[in-house]
Every structure is written in C-alpha cells, then in structure tokens.
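Both complexes below contain chain A, partnered by chain B and then by chain C.
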Partner chain A sequence: MNMRRYGRVFREFFRACLVEEMEYRSEFFGNFIASFFGIAIALLTVHIFFYQTDRLGGWTYGEVLVLLGVFNTLRGFIDFALRPNMPRLLEHVRRGTLDYILTKPVDSMFYVSFRHLVFWRLIDVALGLGVIGYGLYVERYVPSAADVCMFLIVMVASLLLIYSLWMMLMTTSFWVVRIDDLSFIFDSFFDTARFPGSMYRGAVRLVITYILPAVLITNTPALALLGKWRVPTALAALAAAILFLWLARRFWRFALRFYTGAGG
Partner chain B sequence: MIRKYIALLRMKYIEMLAYRLATFVWMTGAITQPLITMFVWMNIHPEESESFVFYFMAVIFVERMTSAWDVWELDREIREGTFSNWLLRPLHPIHWAIAENIVYKWLFAVILVPVWVAAAVFWPALRPHMTGSQVALFLTAVVFGAALRFLLSYSCGLLAFWVTKVAAVYGVIDVISLFLSGRIAPLEMLPPALREWSEWLPFRYMISFPIEIATGTADGGELARGFAIAAGWMMALIGALQWLWKAGMRKNQAVGG
Partner chain C sequence: MVIRVSHLHKSFRVHRREAGWLEAARSLWRRDYRVIEAVKDVSFTIEKGEIVGFLGPNGAGKTTTMKMLAGLLHPTSGEITVGGFVPFEQKPEFKKMMSLVMGQKSQLIWDIPPMETFLVNKAIYDIDDRSFRQTLEELVELLDLAPLLDKPTRSLSLGQRMRCELAAALLHRPQVLFLDEPTIGLDVHTQENVRRFIVDYNREHETTILLTSHYMGDVAALCDRVMIINYGRLIYDGELSVLTEKLAPYKRLEVRFSRVPDMDWGEYGEVAEIEEGTVVLRVAREKAAGTAARLLERFDVRDINIEDPPLEEVITRAFQEERV
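Then we have the complex of A and B:
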C-alpha cells in the first residue's frame, strides 16, 4: 500500500480537525481541568486500595501507578482518534450516507476510523506519561535503553490491538443500528485493564487474558518499562496484534458486502 | 391526584416498552465498575471474599434502584428550550419525572430480584441473613436513597436555567459520591477522615446505608442516627428544589419575555 499517500491524507484530517477545534478555544481550559480531575480521582482510588494493603495481585504501589499511567495514555489515544468516529459511522449506516465514503478514493476502513480527531484528549496522553514517570520515581527504578525499546514495541502492539478490537465493535453497527453509541461496551471491557491481570480469578481472568486480551494491552507495556519483559511475551503481543488486525479487516470487508447487499 | 398518577404511570410504562432494547442495555451498563472493584477487594482481603461478593452485588442492586437521570434530561430540555412544553401542561413537570422513576425502578426490581434469587441458589455467599424488620428497614432505606438521589439530580438539573454546563457540575458531584457512597470501597475500609465526612454528607445514604442495614453493620443507635441524617438532607434538598424552581421560573420568563 502506498503509505506516503495515506500519511498525507491523515495529515489533512489532522489539519481539518485542528481548524475545527480552534473555534472552541475557550473550552480548552475546562477540558484541561476535567482531565486533571479524572487522573486525580484515579490516583485517589489506587491510594485507597493501598491504604489497606501493600500489594495488589503481587504488584507494588509504584508498579500499579506505572500501569495506571499506561492505561491513561492508551485511553487518551482512544479518545483522541477512535471514540469521535464511532457515533458517526452509526449515523452513516443509518442514513445510508456511507455510500459517499465508499466512493472516495481512500480505503473506507481508514476513513471511517480516523476522519474525526479530538485534540484536547491528547492531554490525557501527556498526563498518563506523567503518571508513568511518577510511578517509576516511587518505585525508584530507572529503565534501561532495552526496557524503553521493549516498551515502545509492545506499546505499538497494544495500540494495534485496541484499534482492531474497537474496529470490530464499530463494524457491528451495520447490524445494530438502534443503539446510539456502542463505545460503552468497549469501555466496560477496557476498564478491567486498569489493574494487574493477576488480581482477577477464575473464568474472568481467562477471558480477559486470552480471549479479549485486555490484560495483555496494558500489563505488558507496564512490565516492560519496569524491566520485567520477556522476548516471547513481546512476540506473542505482536502476533496477537497482527492476528486481530487481520480479523478486523476481514470483518469490515464482510460487513461491507452485507451493506452493499442491503442497499442495492 | 391518584387518578392522575395512574394515568402518568401507564403512559410512562408504554413509553418504556417502546425502547426495550435501550432500556435493557442501559440497565446492564453500570455493572462492570462494581465488579472490578469487587475483584480488587477480594484480592486485598481474600479471607473476606464472601462478604465482598455480597456487598458489591448489593451495590449493583441498590445503585440501580436509586439511580437518577433527571439531570441529563433537564439539562438538555432547558438548554434547547423544549422544557417550555412541560410548563404548558396542567401538572407540575416533577410528577412526570417521579412517575418515570417509579416505572423504571419497578422494572429493574422485577428483573433483578429473580436474578438475585436464582444466583443465591448456586452461590451461598449471596444468601442474605435478614430478619423481617431488617428487610423492612432495608426497603425503607432504599426508598430514602432513591428520593435523595432523585432530589439532588433534579435540583442540579434546574441549575441549567443559569449555567450551561450542568452535566459537568453533576459529574463532579457524582465522582465525590463514588468515594463517599461506598461504591469504591465499603465505608469501613476508607481512611478515617473520609469516613467521618461520609457520615454527615448525603452520599452514604444513597447506596451504602441500605447495604449496611442488610449486612447488619448498622443497627440500634447508628440506625436511628442514619435515618435522621438522611431525613434532614431530604428536607434540605426539597427546600433547595422549591427555591430553585421559583427562582428558575422567574429567570426563564425574563429570558423568554
């Protein structure tokens, strides 16, 4: 695929959304406060848990903070690029305006997932990185270059996994047009990734580790940065990411066939 | 008044049936957060797992039974101006809201109670050990909680006459209540300072208090004190609501005129 061209299209999306957002500059301060409040609440929650214990699923306070930082960073990316597009696809399918997108000379899956971006959500990414830094400070651990490399690799795998899972959920909108917003389903599942996977028990643990890899998405990057990475785990994460991306792609194609069939 | 209410209830019931799927999805929505929190506490104190299971299942139940959504409705209607339609009708709009609450919570109870009973057959931790009077007190406390949350939500919604971002204001209140109503942790697990605050603020009486009655942690003097504080807050909120209503009506006319 010609990556250059898609890079240029993405830059155009970026520019168009930035112009749009500049019209609501006065909201920036309020949004900033809201993000700050959100992370403060998350920190207070962890603090309350650690008021009663010094380990959570075998993780120390500092380690859980690093995990929380990773979680917040990833959620910032979701809110930045993916979430704004979900209700719009539902709207397109319901009204039949998806036809216009299908006739455009760009890949339709690329278009429906990245057309709308909400920039101030990048504050959450920055705050997440801040919490990661604070967690490392509490833990008194300075990551080596290898740790950071591993962290970046598994972080890319996590982003791909999130994108694929989100895309699969979004694609179901071809059949479930009645609900305004499906993103709360993703949120319910992704919320489990806020804490160490070793904390869960029984069937829940199996499901969120192997079937819907919520645990893989946040825990592996956090562990990598804390120097507890293993090459097989990183490879497994990458393999899972590619597998899920392929599945999402197949599912999107299948849904498009369904859509064309119904519309024609 | 009773005849009017019967008519209102019937109307709201039909309305609810029209949006079955949305109602169902909406009911299952608030379940994951308490479940995750339950896992956290089971991990911190494994020896008390059974009581945490009971506690957080009760949180899900009481939270649904006392949930309030009027603030979103009022915020939207006042901002968009459709609220005026309600003012033209001969009945105070709050009665529509109350009827809607009764219908939805009745449905929640009709679905959730059998689910609980079925689960308790297989899962002994869910079997309640309550005397008759405890059950009566529990139900009374749930009604108190529902009334408190409804009044708070409705009063906040009326603020939309003055402020455009009422949803954000309510969001902050909701987060405070997350800690002080016992949703993040059973209140006895909180640091002492927060616990003391929770006694005097209304949030404890919205969710935690009924559960404390069910598990038997609150009894005797504690019980009487709890109901007294809850009743006090209820009076205060009713007063606030009436005042906001009157002031809001003046404000509304001023803008419309």
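Then we have the complex of A and C:
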C-alpha cells in the first residue's frame, strides 16, 4: 500500500465532501453552537457529580475533565470520519453500487470507511482538546515530554481500536441490510467510556474493559497525559489495537468473499 | 485475445420461502435452500478492439457473466482471463485496465457537479495531471459535456447523467469496457448519441467492449458479433448477419398496391400482414428478388420493399430454440 497515494486519495475525499457541504451551505454556526452546548452540558454534569463527592471512582475533578476531553476528542473523530460512512455502506450493499467501489484500484475497506467526511465535526475534536487543557489547568499538572509522548501512542492505539470495532460493526451490513443505522449499538457502549472505568462494578466492568474495551479506549490516554502511564499498559494497548485491526480486516475480507460468492 | 472464458459455471444458493405469516415465522429457524444455476458451461473469447453484444431475456445470466468478468463475482467453476488477469483476484493492475458502467446504477456523487467525481476518480486511478487534462478534454468534446460539468448531478437529466457516467468510467483509459444496459431508460435521440459515442470511442482507442442491452437497436448499431444466452447457456456466438440468415431465412416483401387484388398469395409467399393497400409477404431469401420481379410484372404495384426481418423477431426465435 502506497501511503502517499492514499494520502492523496484521502485529501480528495475531504475536498469532495467540503464541496458537498458547501452545496447545502450546512449551518456551520448551528453545528458549532450544538457542539458547544453538548460539551457545556457534559461539563455541568461532571460538576454536579462533584458537589456530592470529591472523587469519582478514585479520580479527581480535574482528572475527570481530562477524561471527558479525551472522550470528546475521540467522539469527534468518530463523527468526522466513521459515522457518516455507516449508512452509506448499507445503501451501497442494498443498491448494488458497492460494485463500483470493488472495481476501483483502491483498497475497498479504506474507501468505504473514509469516503464521506463531515469536516465540521472537527470542532468537537478542538473542543475536546480544549477541555483536556482546562482539566490539566484545574489539576495544576504540567505533562512532561514523556507524558505527551505516551499520550500520543495510546491515543493512536485508541483510534485504531475504535476504527476496528466500528469497521466490524459496519461490515455486518452485508447480512443485516435492513437496519438503517447500526451506529446506535456502538454509541450505547461507547457512552460508558466518558467515565472512569473504576466507577463500574462486576460484570459490567469486565465487559467494557476487556470484551468491548470502551473504557480502556478513553481511560488509558487520559491517565497517560496525567503522568500515570506504564510502558506495559501502553504496549498492551498498541498490541490490542493491532490485533483488532487485523480482526476487522479479516472480517471485511470474509464479508467480501461472501458478497462475491467465493467459498461462501 | 483480451478476454478468454472457458467452461464458466455459476450457481447461487437462494433462500426459498413460501408466502404467508406462518411460513415467515418458520423460515426464522428453518431455511430451505435451492440452488440456481445462473451460468452453465459458457466459453468464448473476445479479441482486442471488438464490440460484442450480449443478449438474453431477463435472468438469462448476462449480468452474472459480466460481473464475473469484472471480478465482482467468483465463478463456481471454469476459467476467466481478462487482459491476462484473473478478474476475481481483484489486482489493482487489473482494475486499472478495465471499467464497468451499469445503466441502472450511478457512480457519480449525487449532490455535487460531475467534475468533482472526475477529480475523485483522478486520485483513485492515480492519473497524472497531463493525461487527465487530455482525456477529459477529449471526452468533454465527444460527449458534449461542457455545459454539464459544473451543474449538480442531481439536476441533470437521465441522458445527461449517462454521458457523465461514461466519462467517469473512461478517464483512466481502460482497455476493456463492460457496459451493462448503458441506454436503459434513455429517449431515442439520446440512445442514438450514446451509441455513436461508443462506436467512435471504440474506433479511436481500440477499446474492447462487451455490452448487454435490451434494445435491439443498440445491438444492431454497435455490434457485428453477438452472443445470445438463455437459461444460463450460450446458445449463439457469431455474426449478427449470420444469425439473421439462420433463424429467419426469409425476407420481408412489403408490396403496395393502388388496390389490393383479392386472391390467394400462396404461390408468392407466406402472408405476414394484410392491410389497406399493403401486403407483407415472407419469402425465402433466395427467391426474394425473383418474386419481386414477378409481382411487378403481373400487378399494378405502386411500391415494393425488400428487407430483413426485424431483429426482435430473430432474437425471439433464438430464445425459443435450444441451440442455434
């Protein structure tokens, strides 16, 4: 796979989507305000929690804010690149236009996951980063270079994990062509990730930590930035990300074999 | 040769269900499957630069075969090579040398002008700026796209959109072009334009073209060679004119009189139609000229026309035969 070429294709997707958005003069301001209110409410919720207590699952107010920032950033990325593509894949399968994608000399998994981008969702990413900064300020913690480095590594791992989980969910549309929006399944478990994993108890904690690692995805980067990283954890996160990416890839290939009737 | 297909088979396992509530519920846990053989033992070769028409009634296996050639379906058995590639391996080099246009499905981005789709394809096919500009210029001229390039695709008419689809599919200069019902739903005038374009483009670039169509006009105008498929079997592969001679070994004699004589036409030929002032006779090919001469000699004929039977009639006959 030629990275530079894929970079060019991605840039072209981005440009086409920008033109598409402009065609409808999407209410940039409306979206901006909605995103802004979203994060304000989330902040308020955290604030209300801390009227009752000064620790949430062992996390301080500032630490929870950093976590919330990470959550918002990651969700911004999902809404930017992944979410817009889910209903389209269903549509492609149902209408048969997937055939065109399969005749293109570009990786089909890459195409179906990044063809549609909603660029103004990057506002959520920016707001998320802002909240992270504010959290660090409340916590009076200045991350070291090593902290930032670790943060970046686990953040990449988290993005890969999210992408893989999302992709696997999306791939089911080869069989479940009737459900118009599968993303609510993803949302319902990803929403658990806005809080510290240590808040959850028993089976729930087990599931969202190890089986659908929602909590790991947000908690690990937040902890890393707060200086509470451990190299084995970071490596484990990276290894898990690569494993899930591999699984997602395998599953996509399997689905395509099913679609094209090869050994299916 | 560019395309080689030998002993191609494709069967699908389809889920069968009777109508009704009970059956619907039952099928949740017990499914009956039935195997449908869509393509049976099909073999052919196509040379570089040929335009071949692929004919058959709905569900005969045309599109299935074409999808296998384009690498979208995996054959159950048999071999295919297209330009030296095995299509279902889906190698990028293969995808760069072929293109697929489906009349009923669009690859253009709906809400924005066609030019944007062209630019996306430019990146996807990794076309350099110079060849992109050249190709686009040529296509814009041949297909008369200049006024369409900056209008949103959704506002284009079906015919205008089809012209843009063709351009989008040809930007990377494919050597093999698969056209699945390219003129479906178009008005006569636009059909004409699309056909002329396909002929010109083929002549200019020696692109190998395989085309399916319901419209006999397409086939008659574009293809010297036709393949007819019915119930998954290839029943004819050869020149269109030979097919006509074989299946319809007669000519149509359309004779116009001032007043149609009331008589038995049996000695001249078989009566196909009789209308006021006109008699249409079916006459064996070799006798057509002689019969016409005799008619002119014996009757007060105002006009006489000798023509081949319409293609529809020939094809309908072909579908009824087991093997041509």
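In the analysis below, the second predicted complex is superposed on the first by the 258 of 264 C-alpha atoms of A that agree within 3 Å, B and C clash if a C-alpha of one lies under 4 Å from a C-alpha of the other, contacts with A are read in each partner's own complex, and residues count from 1 in each chain.
By our rule, contacts are C-beta pairs under 8 Å (C-beta built on N, C-alpha and C of every residue); 3 or more make two chains touch, one makes a residue touch a chain.
The model shown is predicted, which means the values in this text are computed figures rather than measured ones.
Colleague: Which holds for A:Q52: it touches chain B only (first), chain C only (second), both, or neither?
Modeller: So A:Q52 only meets chain B here.
Colleague: Touch test for A:R5: chain B only (first), chain C only (second), both, or neither?
Modeller: Second partner only.
Colleague: When the two structures are overlaid on chain A, which partner does A:P105 contact: first (chain B), second (chain C), both, or neither?
Modeller: second
Colleague: Go through the superposed model and pick first if A:R201 touches only chain B, second if only chain C, both, or neither.
Modeller: Touch partner of A:R201: chain B, not chain C.
Colleague: So which bits of chain A does chain B touch that chain C touches too?
Modeller: none
Colleague: Could you list, by residue number, the parts of chain B that touch chain A in their complex?
Modeller: 21-22, 25, 29, 31-33, 36, 39-40, 42-45, 165, 168, 171-172, 175, 178-179, 184-185, 189-191, 194
Colleague: Going by the contact rule set out above, which residues of chain A touch chain B in the complex?
Modeller: 30, 34, 37, 41, 44-45, 48-49, 51-53, 56-57, 178-179, 184, 188-189, 191-192, 194-195, 199-201, 204
Colleague: Given the complex with chain A, which residues does chain C contribute to the contact?
Modeller: So the residues of chain C in touch with chain A come to 10, 12, 67, 70-74, 76, 88, 90, 92-93, 95-96, 98-100, 102, 105-107, 109, 111-112, 116-117, 119-120, 122-126, 152.
Colleague: Which of the residues in chain A come into contact with chain C in the complex?
Modeller: Per the touch definition, chain A meets chain C at residues 5, 8-9, 11-13, 15-16, 19-20, 23-24, 95-97, 99-100, 102-106, 257, 260-263.
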